[in-house]
Each structure stands twice: as C-alpha cells, then as structure tokens.
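Multiple structures are listed underneath, in structure tokens.
After this come two complexes, each holding chain A, first together with chain B and then together with chain C.
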Partner chain A sequence: MASKYSQIILFSLLIAGIQVLTHVTDSSYHLTQLTMTAYYSLLVIGLCMLIGYAGQISIGHAGFFAIGGYISAFLTTHDFSAQKGLPIVGFLVKTGIMTRRPDLYGGDLLTVHPWTACILAVCTALLIAFVIGGPVLKLRGHYLAMATLGFGIIIYRIVLGTTLLGAADGITDVPAFGLPGGIEVSGKGAGRIANYYIAWGTVVAGMTLLVNLIHSRVGRALTAIHGAEDAADAMGIDTADYKLRIFVLSAGYAALAGVLLTHYNGGIGPSEASVIKSVRYVSIVAIGGMASLWGALIMSLLLNYLSLRGSFGTFDDAVFGAILILIMLFAPEGLLRKQIIGDVKALFGRSAGRGEDQ
Partner chain B sequence: MNLLSVEGLSKRFGGLQAVGDVTFSVPEGSIKALIGPNGAGKTTLFNLISGVIPSDSGTIIFRGQAVQGLRPWQIAGRGMARTFQHIRLFPKMTALENIMIGRHTHSRAGFIAGMLNLPFTWKEERAIREKGLAIMEFLGISGLENSDATSLAYGQQRILELGRALACEPKLLLLDEPAAGLNMRETAEMARLVTRIRDTGITVLLVEHDMSLVMNISDEIIVLSYGQKIADDKPLAIQKNLEVIRVYLGEEDA
Partner chain C sequence: MNLELLFQYIVAGITYGTIYAVVAIGFNIIYNATGIINFAQGEFVMLGGMTAVTLSGFLPLPAAILGAVIITMMIGGLVEIVFIRWLKSPSVLRMIIITIGLSIVIREVALHIWGEGVRALPYFSGTSVSSINLWGVFISPQVLWVIGISSVMVFFLSLFFNYTLTGRQMRACAANRDAARLCGINAGNMVTLSFMLSAAIGALGGCIVSPITYVQYDSGTPLAIKGFTVAILGGLGNSTAAVAAGMILGILESFSIWVLPAAYKDVVSITILLAILFIRPSGIFGDAEAARLKEY
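Take a look at the complex of A and B:
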C-alpha cells in the first residue's frame, strides 16, 4: 500500500529533476515540449484505465480531446457582442460568466470566461461519452474498436468541415487560462517554468486518483470485467454500468487535456482530432504494457517528447504505427517489465510460438 | 420452506426444446442435485435460473420474489451465487483477489470514493480481505492467497471458484459440475466441502455427473431428460425409479 504513493513521489522527483536539469544546462526551451507532453499524458493515463484495466478499446479518444479543446477555444474566442441585446447575455455578463476583453487589434470582444468554458467543454465531453458509451460499449473486441474509430472520424470531419470552428485552420488566439495566484496557463515565455509545473502537477493529481482507483473495490471489479465478464456479472458486478463509467471518466481526462493544451498552445487545429492521434495514444498504452499506468505514463513522457521535438522527422506517425505492430508481435505485455531481458534472449534464441497464450 | 420455486419454466433454441415446462422447488437448507444424460438441459436450466439467458415462459421465485427477467448481477445481489462448468476465474489476479471480488455485493465503495481513497473504504477493504482469508481457511486453501489464480492446480481452481461464490454469502449456491475433471480424492474433498457449506445454512443446487457424489450428499434429486423433468425424489427412490434407469441405461429389450 505504501508503495503506490512512493511511486508518485518518485515520479514527482523525476519531473522536478528534469526541470532542474534544463535549468542547469541552460536549455529550458525543452520545457515547452515537455509541458505539451504532460497534457497528452493526461489523456494517455485515462485511456490506459479504459484499455488496460477495464479491457475496453477506444480508437476515438482524440475525438474527446478535440471536443474539450474546440469547445473551450470556441467559447473563449467567439465574439458574442452581436447577441448582447439578449437578456440572457446581459445576465451572463453580470455574473462574470461572460467577460469583455480587448482583441489583438484593440477592439472589444465579448467572450465566455475560460473557467466557464473549461467546465462546459469537459461536461459536454462527459455527456457525449455517456450518450454514445451506452450503446457502443455493448460491442466487444473488433466491433468496439470499429465503433470508436467511427466516432473519432465523425468528430474529425465535423471540426474540419465547420466554418465556425475555423475548418482546416482551426481556432487561434485562444486566451490564457487564468489560475488563482496570478499565474496562467499560456505559452508565454515568462510563465514557462510555472506552466511546466502546472501541467505535470495536473498529471500527478490525475495519476493519484487513478492509482487510488485501481487499488480500490472498483479497480478490482474492472480487472474482473476484463478477465471474465460473465463471471463478473455472476458475482453481482453491473458490468455495463462499470464499463460506461470508466469510459466517461477516460473521456473526461481526454477533454480536460484538450482544454488545457489548447489554452497553453493558444489554439487548436483539426489534426488533434485525427484518427492518427487516437492510434498514437493506443500505441503508447500498448508499449507501456496495457495494464500498467506507470508504464503508459513513462512511455508517454518519452515518446510524446521525442515526437514533439521532431526526433522522428517526417516519419512521426509511421513510428507510432510501427511501435504498435512491433509491440503486438513481440512484446504484447509491454516494454517496461522485469523479464524483458529474458524475452530479448528468447526472441533471438527461438522466435516461434509467440502470443499463443494470449 | 422453499428457497427457490421454479414453475413451468421453458426455453426453446430454434427447433430444440432445451427446457420444457419444468417445475420444481429447492427447500431451504438442503442439497438438491440436478442430473440427466448429456444434452438434457441441465446447464440451460442453470443459466435460466441465474439470469444468464432469458426464459420463454414460466416463473422463478427466489426468496419469495419473482426474479425471471432480472440480469445476472441483480440476481447475484439478491443472494444467489454460482460456479461454472468450465472454470471462469479472473486471470491476472491472485487467488485472494478472486475471492475478494465475491464481496462486491457486500461493499459499496464507488468511483469517487475509490479515486479519493476516502477513509470509509480503508475499513471496508480490510473487512473484504479478512473475509476472503477466512473463506480460504474454511476451504483449506490458506497459503495460496498470493498465487496467481489461473496458475493453480486444476482442483485448487475448482475450490477457489467455490470460495469466490461463498464470498457472496449466498442464500442459494448453484454449482455447475463441481467435480468435473477432479480425481477421486479431490471429488471426495469436494463432497465434504459441499456438505460443510450446506451445514452452515447455505442451500445448494448442483448439476453433477458423478453419481457417487450425487447419491452421497444430495437430500433430493431431480432428473431431466430431453428438457423434461422425469423424476424428483430422494436419492434412494431415484435409484429404484424405472424411468430414470431407462433413460440412463436404455430399454431392457432394446
């Protein structure tokens, strides 16, 4: 029991250590990519709960990320001045839900306050996950994969084809997300270190909640559903309800990640909703070992960072596709395991007979 | 006092009447066995009672309430637990964790409580663990708690599945061929365990092919043939029942 928190402390020290390292080596520009990595990691750990623990695949989580990001971006950038005559708008301005702010050219914008936009964005994603999760989670295996893939494609086409959402250009000039204490989620150079810690602090908080969850009665029930759904049902577990709840929870993590990264980047484009992104998240969960939150988190840190630094060049998406194939073929239990050296030896010794016990 | 009363229960799969108008009851505190040749509809009847498949017609009264049409998890929550003909343990979980799943209906920590690790869940988790250990001791499998459930010996897996069902603290325990695949010594151990379980006040309904086990431990026996009930009596009477002898051994002049 004590060890579950010691891993969280170790990880926090690693995060602080990386920041100190970039400070000492005078390369704090790395923190920008590392901050973006943190938000993608938030999505990955939520997805890891769904795939690895509950055993339900989703190839549509970039869709939830985009729903969060786009709704928040739209509400905080769209000028509602034309509607200001409406009594409801007057009420919203009075309560602070809508605020006036100057735009880049000194004009006057009437937009939704980022906090309200964030809450609305995440709640909408939760609602959509709840509505589609009910019927979709009755499907299993390949069928569930295809249904979630379809969902991801629909979201991608919607954001790409909607003029109000900027179509192929996406939404830009998304304002900073103010937090108590004067700091804000934004990509401005001055707040680089603060934003690094805000982002990874969010991940550590999200991780703590999930680590608690897997060590609870609910985590046990999810693992049971993964292992033998009919038996879990016979033990009194409402399997449909549990699957729906974990699906909604993981969608919430994805949407929050989308909101925060959009405010950090100051914009969002349709590529964030693409199926390629969804596949990337699944491949990170796979290389982390499926049912391993820490494996997924470490791999997300490493691979997203390398990808954002451009280490994979133009082969970026191909690298993640290749990872998925190679992991499924040679290390379906993931890379971060104790027996990995033995596995490598076995692979070179005799390569037949893999994956039969799956 | 009947714990379970089944009346006019029927299930048809296409052209096959798997279970046809079956009526029987299980008195509280007894061991009742369900026997019959292969394909007689025993497992189908089990799946109908536990809610895995819906019935076409008939009523199932459990503890005074109709339970037909309910989902398996709802029926489990009302005090009916089962084991499976083909062992269905949870892989990637230890033996103890498998049994702890059985405590699901007797605990309440949800997603929020679990994520926030609320203090009431600590006490609950401790109680779940202690109950699980007590059940392992009752079944004589103490010391295996940290073993991977699916790597245990076959006989131990059967007992572990029994323990998982017992952790539900059921009023009625359904055992689907508990001795299948067990050797003679293990079968005797299983018979002893089932009798001990009955003696703690749990009613048992079991499907079994091993006749010596059935005759030794059952208080009453139902015989099914082609989905129809052909006998429902005490073991000694069943052994002398000509109709039962006929379906098991065939016609004398055939």
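Take a look at the complex of A and C:
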C-alpha cells in the first residue's frame, strides 16, 4: 500500500522539482514542451494499460486522440449563428451550453461552451471505442493490429478529407479552456506555470486511478488474461468484458489528452491522427517495458520532451521506428527493469518470456 | 450512368485491383513461409518504384526496372537476415512490432534519400494522354502493361511453386516446418528466400504502377493495408483467391468515387477490411474451419 502511493508522491516531487529547476535556471520556456509532453503522457499511460496489462495491441490510438481534439476544436470554433432560429439552439444558449464570444475581428461567434465540448468529445470517443471495441477485441495478433491500424487510418483520412474540419490545415483559433479559479488551459505565456501543473496534475490523477486499478480485482483479472487468456476464461473471468473496459478507458484517456492539448495549443492538425503518431505511442510503451506504467510514463516524459524540443532533428520519426525495432529485438521487456543483467544473460540463452503473450 | 462510363470505372478498378493483388501475394508468400504478416510489405513497393525512377535517369527503362527489382530483393533478404532470422520462436506481437518499426525506418530513409517529392516512371509505351480504343472504351496502354505483367508474374509464380524444387521446398516449409526440416530442407533459407521473393514482387508491382499512381516516400502504408484487405478477403495464404479479391476491392473502390468524394477512397476500402474482419475473418473464399486452426 505504502509503496504504491510513495511512487506517486515521488513522481509529483519530480514534476515540482523540474519546475523549480527551470525557475532557478531561468529557462521556464522549457515548460511549454513539458506541458505538451504531459498530455501525450496521459495517452501513453492509458495505452500502456491496454497493451501491457490487457495484452491488446492498438496501432490506432492517435485516432482517439484526434476524435477528442477535433470534436472539441470544431464545437468551440464553429459559428452556429446561422442556426440561431432553431428552438434547440435557443434552449442551448439559455442553459449556457452554447455561448457567445467575440472573434478575432470583433464579430460575434455563437459556439459551444468548452466544458460541454470537452464532455461531448470524450463521450463520443468512449462511445466509438465501446462500439468498435466489441468486434475488434475478438481479433488477435495480426488481425487486431491491422484492425486498429485501419481504424487509425480511417480517422486520419476523414479529418484530412473533410473541409468542415479544415482538411490539411486543421482547426485553429481554438479558445482557452476556462477552469474554476480564473485559470485557463491555454498557451498564453502568463499561465505557463499554472498550465504545467494542470497538465501534470491530470497525469498524476490518471496515474493514481490506473495504479489503484492494477492493485484491484480488475488488475488481477488482467494479469491472468495476460498470462493465459484461455485459462483466465476457464477460471470464470469474463475476459471479453475486461478487455473492452480497458479499451474504452484507454480511449477516454487519449480523447481527454486530445481535448486538453488542443485547447492548450489553440488548434489541432491532421498529423495528430497519423499512423506515425500511433506507432510512436506504442514505441514509448514498448521501451517503458510494456507492462510497466511507471516505465511508460518516465520514457514518455523523456522521449516526448526530447522530440518536442527537436533533439532528433529530421530523424524524429526514424528514431521512434528504430527504438521499436531495437527494443523488440534485444529487450522485449523494456529498458527500465530491476534485473537488467539477468535479462542480458537470458537474451543469449533463449528469447525472453513475457513477449510471448499472443 | 451510361455503359461506357461503367466500363471506365471497371477498368480503373481492375488496374488498382491488380496492384492490390500483387501486394497481397507478397503478404501471402511471407505468411506461408513464416506465419507472420510483414507490415513493411508496402515499403517494398515504394522502394521498387523509387529506385526504378532514380535508375531510369541513366539506364534504359527495362534495365532500370530490373535493377530496382534486384536491389529491393537484396534489401528484402537483408531485412530477414538482420532482423528476423536469429529470433528463436518470437511471439506474434513481437514480430508485428518489429515489422512496423521496419516500415517506419525504411520510409524515413526513403524520405532522406528522395525527399518529399512525388515521382513516376515514364509510360512504358506512348504518353500519359495516349489511349487505346477497346470496344468504345478508351484505356491507357499502361493499364494493359500493368495487367499483362502482373498476369505473367502470377503465372510464373504458380509454375515456380508447383514445378521447381525450390518452390516445392518452400511450400513444404509452409505446410509443416518441422517435417520439412526432417526431410533435409533448410527452413531458414526458405524464409530468407520468401522475403526476397516477396520484396521482388512488390518492387516489380511498384515499377509497373508508378506511371499511373505515382510514388512517394509514404505511399507504402496505404498500399500495405489495402493489400492486407485483399489477402484477408481471399483468405490469408491463398494467392489465387487474392487476385480475384484484388479485382473486387479495386472495382468497389473505383465505384466509391462515384458516391463519395475521392478523399474518402481509403475510408471505403478500410471499412471493408474491418467488416470482413468482424464478420468473416477467414475471407469470402476462405474455409472457416481451416481458418480456425491458424494462429492469428
């Protein structure tokens, strides 16, 4: 019990420490990339739960991220003034679900309130995950990988080909996301530190939920499914139901990350839905050790930050592809483990064990 | 819709369908030999097309295509030797992730070599505007080249698998690797050969289709997923059915442009993929009983 929370506290201290460090060294511009890193990390820990604990690969999670981001961006930027006459719109305005705000040129915009948009976006992602999750999770191995890859490409093609969603340009001028207490999720320089803590606070909250989940009945059931699905089934664990629940949960994490990052950046583009992004998330989960939430989180913090800082230059995508290959060839259990030396020995003995889950 | 337009759509569908079938056959060859799906299959097609365009700068067209096929074949063999061969009974998940990583790396290398530009080989005969009148339907001579070369390729492949010693050894490995090994067949070499063969087929496909569809560093992934759709539609591992399935997908996709904007073309074919996977993963020509025995 104690260790479970001590890790979370330790991580929170690390986050606070980084902020203090940037403050002392007068390099708080790093916080912008670190905030974006946090939102990507939120997706990564959800995906880690799905791949590492439920044992189901997904090469389409950028799709859920994009569903969240795009729905929220569209609802908060699309001007519904033309539909003003409709009674439903009048009702929505009265209840505060739709709000008026001035646009850049002083005109009047009638858009959906960011809170409503956020809830709608995440709920849509959950619903889509629930609907496709049933049939998709019946598939295994190659078929599961291809189906999720296909889902990701469908979302990518839709956002790229739909003019209402800005086609290749994406959606810009997404308003700030107001929170109680006068702070808001936006990229404005003044709220930089606040946003850093909002973002990592969300990640810590998400992490706490997942850590508790792992140590519960659900977590034990998942471990059983991961070890031997048929055996778990025979023990009376409803494997299909558990897999679906984790799939929906991870889609929710991805969508929430998409919503918040879109409001933080003030926009979203089709590249967020691309296959390469999905592969990147999988490679972070892989290097973190597949079934290790903390490994995935630390690796996400490190790699996303370096990538956003441009440390990999024009080889950005190639670096993640290479990581994926090298990890799967030489260390299928990830880099961050307790007994690395033993694993190196085992590597020369026989191919490692935990990778053989399918 | 008049009859001529209908035929135009069908011809366009068959052209694209042929290339999907070629990619699907590449998938099948490796799947049969190893039981894994090579997610980098589309990248072989892209590499073939790109290399041929570069070689055609200083070589005559047939030599450039031959060179591109040989180079891609070597890369295919190299990929197997470096990344796959020494893994002892790797899990399916591990193989999926490795081949996905390979596809990303090959794509990025291509981006650094050739840039983002769209390239194409010249038309094999005539120009982009020349056409042949076939019973009132105007088709580009390149379409005949695509269909002709692919048919010849499929014909020689079936000869290879049925009548040559190497081809039969490969089939033996596909059927039962341990038994094949006991008969003295070097199963490891057969896997390398299957990668080389499937890379060569993909590269040739990339060359013949590039005047029509063009080729770009990232054109591999869409081709791979459509090739996979076709391979599944025909039943994984069944190359004859893949040709028929390729035609079906190509024509469906071609008609989808009539109903939906062209930007959603991929959405249609992938929705078909998902539908098949959900309803009948053994494929429309596949045997459901046999499919249950396969390891997905």
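The working rule: the second predicted complex is superposed on the first by the 340 of 358 C-alpha atoms of A that agree within 3 Å, B and C clash if a C-alpha of one lies under 4 Å from a C-alpha of the other, contacts with A are read in each partner's own complex, and residues count from 1 in each chain.
Here, a contact is a pair of C-beta atoms (placed from the backbone, for glycine too) under 8 Å apart; a residue touches a chain by one contact, two chains touch by 3 or more.
Just so it is clear, the model here is predicted, and its values are computed rather than measured.
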Joint occupancy of chain A by chain B and chain C, clash or fit: fit
Touched partner set for A:Leu109, first chain B, second chain C, both or neither: neither
Partner chain(s) touched by A:Ala296 [first = chain B, second = chain C, both, neither]: neither
Chain B versus chain C as contact partner of A:Leu249, first or second or both or neither: first
Chain A: partner with more touched residues, chain B or chain C: C
Touched partner set for A:Val282, first chain B, second chain C, both or neither: second
Following superposition on chain A: angle at chain A, chain B versus chain C, Cα, nearest 10°: 80
First, second, both or neither for A:Asp238, with chain B first and chain C second: first
Chain B versus chain C as contact partner of A:Arg217, first or second or both or neither: first
Chain B versus chain C as contact partner of A:Met36, first or second or both or neither: neither
Which superposed partner A:Ala273 touches (first chain B, second chain C, both, neither): neither
Shortest CA-CA distance in Å separating chain B from chain C in the superposed model: 9
Touching residues on chain C, where the partner in the complex is chain A: 36-37, 39, 83, 87-94, 96-98, 100-105, 107-109, 112, 221-222, 225, 228, 232, 261, 263-264, 266-267, 270-271, 273-274, 277-278, 281, 295-296
Chain A to chain C touching residues, read off their complex: 57, 59, 132, 135-136, 138-147, 149-151, 153-154, 157-158, 160-162, 275-276, 279, 282-283, 286, 314-315, 317-318, 320-325, 328-329, 332, 350-351, 355-358
Interface residues, chain B side, partner chain A - complex: 50, 52, 71-73, 76-77, 81-82, 84, 88-93, 97, 100-102, 104-105, 107, 109-111, 113-117, 121, 124-125, 128, 164, 168
Complex contact set, residues of chain A against chain B: 209-210, 212-213, 215-221, 223-224, 226-228, 230-239, 245, 249, 291
